[in-house]
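What follows is a single structure, written as structure tokens, with notes after it.
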Amino acid sequence: MNGLISVLRSVRERRLATIGLIWLALVCIAALGAPLLAPFDPLDFDPLARLAEPGWPHLFGTDHFGRDTLSRAIYGARMAVLIGTGSVFVALVVGGIVGMLSAYFTKLGHLLMRAVDVLMAFPALLLALVLMTLLERSVVNTIIVIGTVYATTTARILFGMTLKLKGEVFVEAAICSGAGHASVLFRHILPNLVSPLLVQASFIFAFAQLQAAALDFLGLGLPPEVPSWGNMLSEERIYITRAPWLLIFPGTLIILTVFSMNLLGDAMRDSIDPRFRKDVKGV
Amino acid sequence: MLGYALDRLLTLVPTLLAASLLVFLFVRLIPGDPAAILLGDAATPEQVAALTRELGLDQPLWKQYFLWLGNILEGDFGTSIFFGKPVLAVIADSAETSILLAVTTMGWIVLIGVPIGILAAVRQGSWIDQATSGLAMLMASVPTFWLGLYFILVFAVGLGWFPSSGFPSITGEGGLLNLRYLVLPSLTLAAPNAALIIRLVRASMLDVSREDHVRTARAKGLHPLRVAIKHIFRNALIAVAGAFGFTFAALVSEAVVTETVFSLPGVGRLVVQSILRRDYPVIQGVILIVVVFYMFVNLLVDLAYARLDPRVSLK
Amino acid sequence: MGLKTWLKLAVVAGVAANIAGTAFAGGTLRYATIGEPPSLDQQVITSDLATTIAHHIFEGLYTFNAAYEPVPLLAESETLSDGGKVITITLRKNVRFHNGQPMTAADVVASLQRWGAYGSRGGLLFDNVERVEATGEYEVTITLSRPFGPWKNLLAFINGGPAIYPASIVEGASKEPLAPDGYIGTGPYKFSAWEPNRYLELVRYEDYVSPEGDPDGYAGRRTVNFDRLRFIPVPDVGTRVAGLRAGDFDYAESIPGDLYAELDADPGVRTILNGGPIFGLVFTNSKAGPLKDNFALRRAIQTALDKTAALRVAIGPESLWRANGSFYPKGNVWYTEAGIENFSKADPELARRMAEEAGYDGEPIKFMVSTNYPFHYDTAIVYTRQLAEAGFNIDLQVYDWATLIEKRAQPDQWDMFFTHHGFVPDPILISVMNDNYPGWWATPEKQKLKARFTATAEPAERRAIWAEIQALIYEQVPTMKTGDIYTYNIASPALEGLAASTLIWPHFWNVSK
């Protein structure tokens, strides 16, 4: 818990990171309150109000279906949060379990980490493309595919960190006092890893946004009928000169969100245990 | 050293076998029928079935896997269903673009990332340090395709400085001047990756500068910049070299989005197009080769570490 | 070498390359395509892109003039005897293949036979052919089992059609498309190179012997100006547009309707409409599912649709589409208004009542669409919404094209799917006329009309029967037409000799820059 508090304190000390935090809070509010905040139904189209310029009543203009861009952007925040947290969840849970168990039980670890090596050798984006074609486009599949990609890196990081902790006096003391494996892993080792995991989570969240947008762009991400920022860019990219707002708004939203998460992760990284600082990847 | 290298090479074998099985399964489980795609709307079901037989795609999956694996061991990656050419020839055509794109991108990263990283480390904590790290992080937050679309609009359509798309081989007409086709794509690709290198250069420079031999050099009254370049940077390079290796390997595959935006005939776009055409032998071949490539880079980086840095023990 | 010397060398090299580049570009047409064709083998491949490239390499016995009438190309003339059952075709005598061999009756017979056995559209004609034989060095005789009206249109339609290959190439060829070393035709360009992902290149055929007469559609004199035609795959449409504007391409195909006004106003861009419109089609499943033989329910679905709204969303500017229910555009000989009062009723209330009467109880209707063609997807989204308003439970399934064509071959996987159809000069070539096309429309009423339609060669009679068939399509609804779409391409204003619109596929003989 102490770790968590010191992490949050370090964020407060950085002005840019605070701004990032505020932006992310806004995104979360938009995601939760989308039905209340959006002025229009994000799927409702109007063939007679296509490609309308930003103005009243469409503050961000409309797309080629005549759908309200602002409303779609607000619902897009929902997808951003869902994809981000979903990928973080998959990556941390799967990667965390594999990494910690591998470090703790050496024989099992030998096998598991070899499997992680195999998966890591796969080119991430190409693998994601093949998997998405195989599984068909859906929100859950996108989360699973992106989460799996980062589960491998997470597993490797946790493997390293757990190994370091395993040799520590307090862990050995716990084992000597007869604590069970589960107790050692979850009561003694895991709490020490919370803050580096938090940093890792923020970077995964940021990467997942870009990865999901890239998949959407290639036509292999979320189903096209789902309003997400990536789909908005992908579907409307031919209008870059005809209706520039269709690319500028969703593009800026992605950049702001990813940038905020990166700032947050960067600020938190400086506050964590120096032994783990290098393990956590990021920008 | 040699024993270590051989040992590492041997452990690659089971890993590669597992990878080949995964590649095959992933690709073959994709729904879709290449024969139907090839023949188009007017073909009858009998005609499609006949072509499927001719292509050998009606055999049981396990048989096809062992046939594929056996042929690869003899250096034959099969024939592209779509192009009717050997898979290796198709990949070799695309590899030129991908490798040159990765090289030029690495060029930008080194050219921009390393000096900025050094500068940021030397002036640690100053406004330059903060501004560059902030800017680098911002660049890493931009979707590459979005950046690429605007690059084309501004520098190709608007200003006409660079070609908008495509890449003619440097062995053909135009020669090395054709590299100008890669300027915009490589800049697009370098933007997010430079941030990583800037950070790394800065961090490892700071690490090294805390070490004893650097302190000694400083104490001897050497010029700070001289210390930075001669003592710190050389050691920091060891850490950075590894990152370069991985970034390079990653670039070859991660370039798929950039290749799509700029219509570059690279490996990434080849995979995307081959997935759409269900050209199984090509998808399998590319992914397997990239996997092997990645593993070898991995190995080389480890060996380089072992050589450059005596502190790494050869386990 | 000092820095200065290097700089000098670089400048010299640059200038030299520039000069070489200019000379080279002057004789090359750079065409940005939507992708790569599966193969250029015209007999088995029906992709429009393949034909756009390949009709510069291969020629047929006949081709189309600007009025879409079949006129001789490799043929010189023909005579019909035995009540239209025996067709004797005289060939042009001075034609040589790209491999230097003269084209004779033996080549034509071998080509027609391979097409008849394995060609995509070969069965249409050869179901009525008794034999094809060489009756002279330059004379081919086709004997039919019964008179068959559309024979000349089928011989002139080169897409999936009877391109003439050398006998040495085509003998022993089967369904598998020919490899590039077999791309040997008689056309004004010969195949040169195919660099996967990069370009496909044709070079001028120096010994080309052009047909006589003023250019008229694809017919008449073919003057070859470009040294090379280079077809460059640029799948991203934004990149095609940007590349043409930046001067990297001379011609770019398949541009979205919404950019039309902007590009048309741009002095650096010329827009070229495609003459024959394409049209979107929703096929219904006649083998399985709730729509199997419930024609009343299909009519209820069609009644709910507002095709104008769909066209407006999917295409954009009104000059690029017509909400036309006839399968042929106004002015074409096949245009008929039979049945089209039911084309776009846009009446959800009436549709709801009709569906109730047809016994529809809200069971899901699986509607498949692909994302590869944006206008397919856009139209399907509009239809789904309109159908939902009329109380239909539509289960929209979005796939990539490759998955869709696999699924549509399985009758239990779908109830409706969206596709589009290119312009074809004879209704017999429309996919819904084919009993085996997914949807499998083969009711006794259809087969009776179809038999009558092909049995006569008399134009007025064929037109009258086609009107009956179109009326039947609106009654049994095996497919629902969305309306005519005029696609367009863009070209550099420097190109000279381009017609204001293309006939079916763009052609680059009689064009220069």
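Chains here go by letter, A, B and C, matching the order in which they are written, and residues are numbered from 1 within each.
Here is the rule we use: a contact is a pair of C-beta atoms (placed from the backbone, for glycine too) under 8 Å apart; a residue touches a chain by one contact, two chains touch by 3 or more.
In this text, all values refer to a predicted model and were calculated from it rather than measured experimentally.
Participant: My parser should flag the chain pair with the most contacts; which pair should that be?
Facilitator: B-C
Participant: Give the label of the chain whose average Cα location is farthest from that of chain B.
Facilitator: C
Participant: Suppose each chain is reduced to the average of its Cα coordinates; what separation in Å results between chain B and chain C?
Facilitator: Distance between chain centres, rounded to whole Å: 39 Å.
Participant: Could you work out how far the Cα centre of chain A sits from that of chain C, in whole Å?
Facilitator: Computed from C-alpha means, the inter-chain centre distance equals 45 Å.
Participant: Could you please state the distance in Å, as a whole number, between where the Cα atoms of chain A are centred and where those of chain B are centred?
Facilitator: The separation of the two C-alpha centroids amounts to 22 Å.
Participant: Hunt down the residues of chain C that sit against at least two other chains at once, touch-wise.
Facilitator: 238, 372, 400
Participant: Do you know which chain B residues sit against two or more other chains?
Facilitator: Within chain B, residues 31, 149, 153, 260 contact more than one other chain.
Participant: Pull out every residue in chain A that's touching 2 or more other chains.
Facilitator: Residues 133, 237, 240-241 of chain A each touch two or more of the other chains.
Participant: Give the list of chain A residues in touch with chain B in this complex.
Facilitator: Those residues of chain A that touch chain B are 16, 114-115, 117-118, 121-127, 129-131, 133-134, 206, 210, 213-214, 217-218, 230, 233, 237, 240-241, 247, 251, 254-255, 258-259, 262-263, 266, 278, 283.
Participant: In the complex, go through chain B and note every residue touching chain C.
Facilitator: Within the complex, chain B contacts chain C at residues 31-33, 36-45, 47-48, 50-51, 54-55, 80, 82-85, 90, 93-94, 97, 149, 152-153, 156-157, 160, 163-169, 173-177, 260-263, 265-266, 269-270, 273, 276-278.
Participant: Which chain C residues qualify as touching chain B in the complex?
Facilitator: On the chain C side, the touching residues are 13-14, 17, 20-21, 24, 35-36, 38-39, 44-47, 118, 120-121, 123, 160, 174-177, 179-180, 194-198, 232-236, 238-239, 242-243, 245-248, 372, 400-403, 405-407, 409, 419, 431, 434, 436-437.
Participant: Which of the residues in chain C come into contact with chain A in the complex?
Facilitator: By the definition above, chain C touches chain A via 237-238, 241, 256, 258-259, 262, 309, 312-313, 316, 371-372, 374, 377-378, 381-382, 385, 396, 398-400.
Participant: Taking the touch rule as given, give the residues of chain A at its contact with chain C in the complex, in rising order.
Facilitator: My answer: residues 45, 47-48, 50-51, 64-66, 133, 136-137, 219, 223-225, 235, 237-242.
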